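In the two assemblies presented below, chain A is common to both, partnered first by chain B and then by chain C.
Presenting the complex of A and B:
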């Protein structure tokens, strides 16, 4: 559980295997909640928060229950239920305890239940990280680090994209390109730019 | 065969319980107006606490 392992997992998940631009997960909030930077920041924070907690829970559930009892085939449905319940609990907790946090995250929490990036990372942790021989704590550490990097990568992209969209609103874009078409072109160019980071690790 | 059924049943009951509990807790008054936010227009989530 060294710092190198942690840094590699973070950089790899954040820049190289970016969840939006490389894995094409979480496209719905990427396009839907990126019209304003403030909304993008709130959504990113909520995704990061839930992604880290859900990764820890789903990895533990798989390693300690599903694999142990020989029922890994129900992992997808179990993970969906875990994520949906977790979002409800997190919303409830924040509603009761912190009004400031609720103001910034509250409205985005229900959206996360249907965010496929959360489920994708939970499944990815099992497919790419988990092995029979890997010690539980080491796997959990890598899974949580990857989730942290993925959440940060999600935030980076959605914030950059929202800033570009705000700028585009004030630009002289031809009528046929206004709105979604120019946004998709921008997303494609961003994806190509991030492809250039593929060799840094 | 019994273990997966029990596991799924327990997870479903946890979800239903958390959903009911969350619905019972009212949204603080000062945040009720955030439903006018444009973010709400793109979401069709049935479990959203803001849905009127």
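Presenting the complex of A and C:
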């Protein structure tokens, strides 16, 4: 039962409702750090890490505090504060504990605060998963699985896209299409391919 | 910079979407139709102007180290206000924008203007900057929205999402023109549906950016050609001068022995 829930949440978040190509969240890092594959991998690892923790915390915050005390309308302010401080905390924690991890993730962490994918998934968890009758643990489980799938989907797309862009750099593109325009069209074609995955669940 | 320049710079010269590529997530996600783009743009104008005013008012009391969280809290407050107002008065727009309404908080444009402009300038200038930049953002969104809606349906509708009037109004439609010749043909059946779906957003924005880049490349090429011509002209002038000097020197050389002889 719980494995089915887990697998459904992962596949639907990773492939069918892909965070970049279908929901348009996190376009800035998608265009910004996808020039090199190594940077793309570092960024997606940092996003996956923060996304799972932040969606667990924001879901719990909404269910156990905001809804319980009747102030769900301040969720946006509360969530962005949680995410901003969490990113700071994670950065400090990694810096203290693991030097090598900090070297590979460190420069991407400050960028994550304004990454709309993190806040978007936290808000999306509330609108799509949370209901008044759902038990807390079940909701939290689905929310974390969704966040995991979303992070993996983000990594998959940004890695594939950065590989394509490395090829594009070497190819002969007309002047008007060089850089961002051709990348956007490539993303559109990738999105078209992912549209075909709709309905596999 | 005059106040007028400050207002107008956001429209073309420093357009947030087409020049700086800021706020790309809403530019792709909510531009399915003309009207959702307009709604999103107006909300951003309101949030950006208000947050710029408040940030420039309180800039002296915010410590430098914690300025980003402070700005985010100010922006989030206005976004919450806008969210509740939209839910109350334009529920169709609220449903159409979905998660992108709270996501105005992390729109790079708003935080960027707070950081780059409002924290350094006075209240009036910041308000004008916010208004101009917000309207420039709206212009960008509307351009994409009109292109996408027109390609997907062959017409542009108004009044579906915003609470204006009872029935939607058709602003432009190819149907009107085509029906003059053939009453059985409906352009809506032949629209390129993919432009109302996610892939169309990427392709439409790519096309618009390519047009901008084409114009810029042509301008750059013209400047480069003019520069090369100027350099060539200067080289020619310098060569002529050299030649003239050489001729003059030669003439003097020729004249000098004669003079010397004449002196003898």
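As a working rule, the second predicted complex is superposed on the first by the 200 of 201 C-alpha atoms of A that agree within 3 Å, B and C clash if a C-alpha of one lies under 4 Å from a C-alpha of the other, contacts with A are read in each partner's own complex, and residues count from 1 in each chain.
In this section, a residue touches a chain if its C-beta (ideal position, glycine included) is under 8 Å from a C-beta of that chain, and two chains touch if they have at least 3 such contacts.
Everything quoted here is computed from the prediction, not taken from an experiment.
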| item | value |
| --- | --- |
| First, second, both or neither for A:180, with chain B first and chain C second | second |
| Partner chain in contact with A:116 - chain B first, chain C second, else both or neither | second |
| Which superposed partner A:134 touches (first chain B, second chain C, both, neither) | neither |
| Touching partner for A:64 - first (chain B), second (chain C), both, neither | neither |
| Partner chain(s) touched by A:82 [first = chain B, second = chain C, both, neither] | first |
| Partner chain in contact with A:198 - chain B first, chain C second, else both or neither | neither |
| Which of chain B and chain C A:74 touches, first, second, both or neither | both |
| Which of chain B and chain C A:189 touches, first, second, both or neither | second |
| Which of chain B and chain C A:22 touches, first, second, both or neither | second |
| In the superposition, chain B vs chain C on chain A residues touched | C |
| Set of chain A residues, in rising order, touched by both chain B and chain C | 28, 74, 77, 81, 84-85, 113-114 |
| Complex contact set, residues of chain A against chain B | 28, 32-33, 35-36, 39, 43, 65-66, 69, 71, 74, 77-78, 81-82, 84-85, 88-89, 91-92, 95-96, 99, 102-103, 106-108, 110-111, 113-114 |
| For the chain C and chain A complex, residues of the former touching the latter | 21, 24-25, 28-29, 68-69, 72-73, 76-77, 79-80, 83-84, 98-99, 102-103, 105-108, 111, 194, 197-203, 205-207, 209-211, 213-214, 217 |
| Chain A partner contacts - residues on chain B that touch it in the complex | 3-4, 7-8, 11-12, 14-15, 18-19, 21-22, 25, 27-28, 30-31, 34, 37-40, 42-43, 45, 47-50 |
| Residues on chain A engaged by chain C in the complex (per definition of touch) | 21-28, 31, 73-77, 80-81, 84-85, 113-116, 119-120, 123-124, 127, 175-185, 187-189, 191-192, 195 |
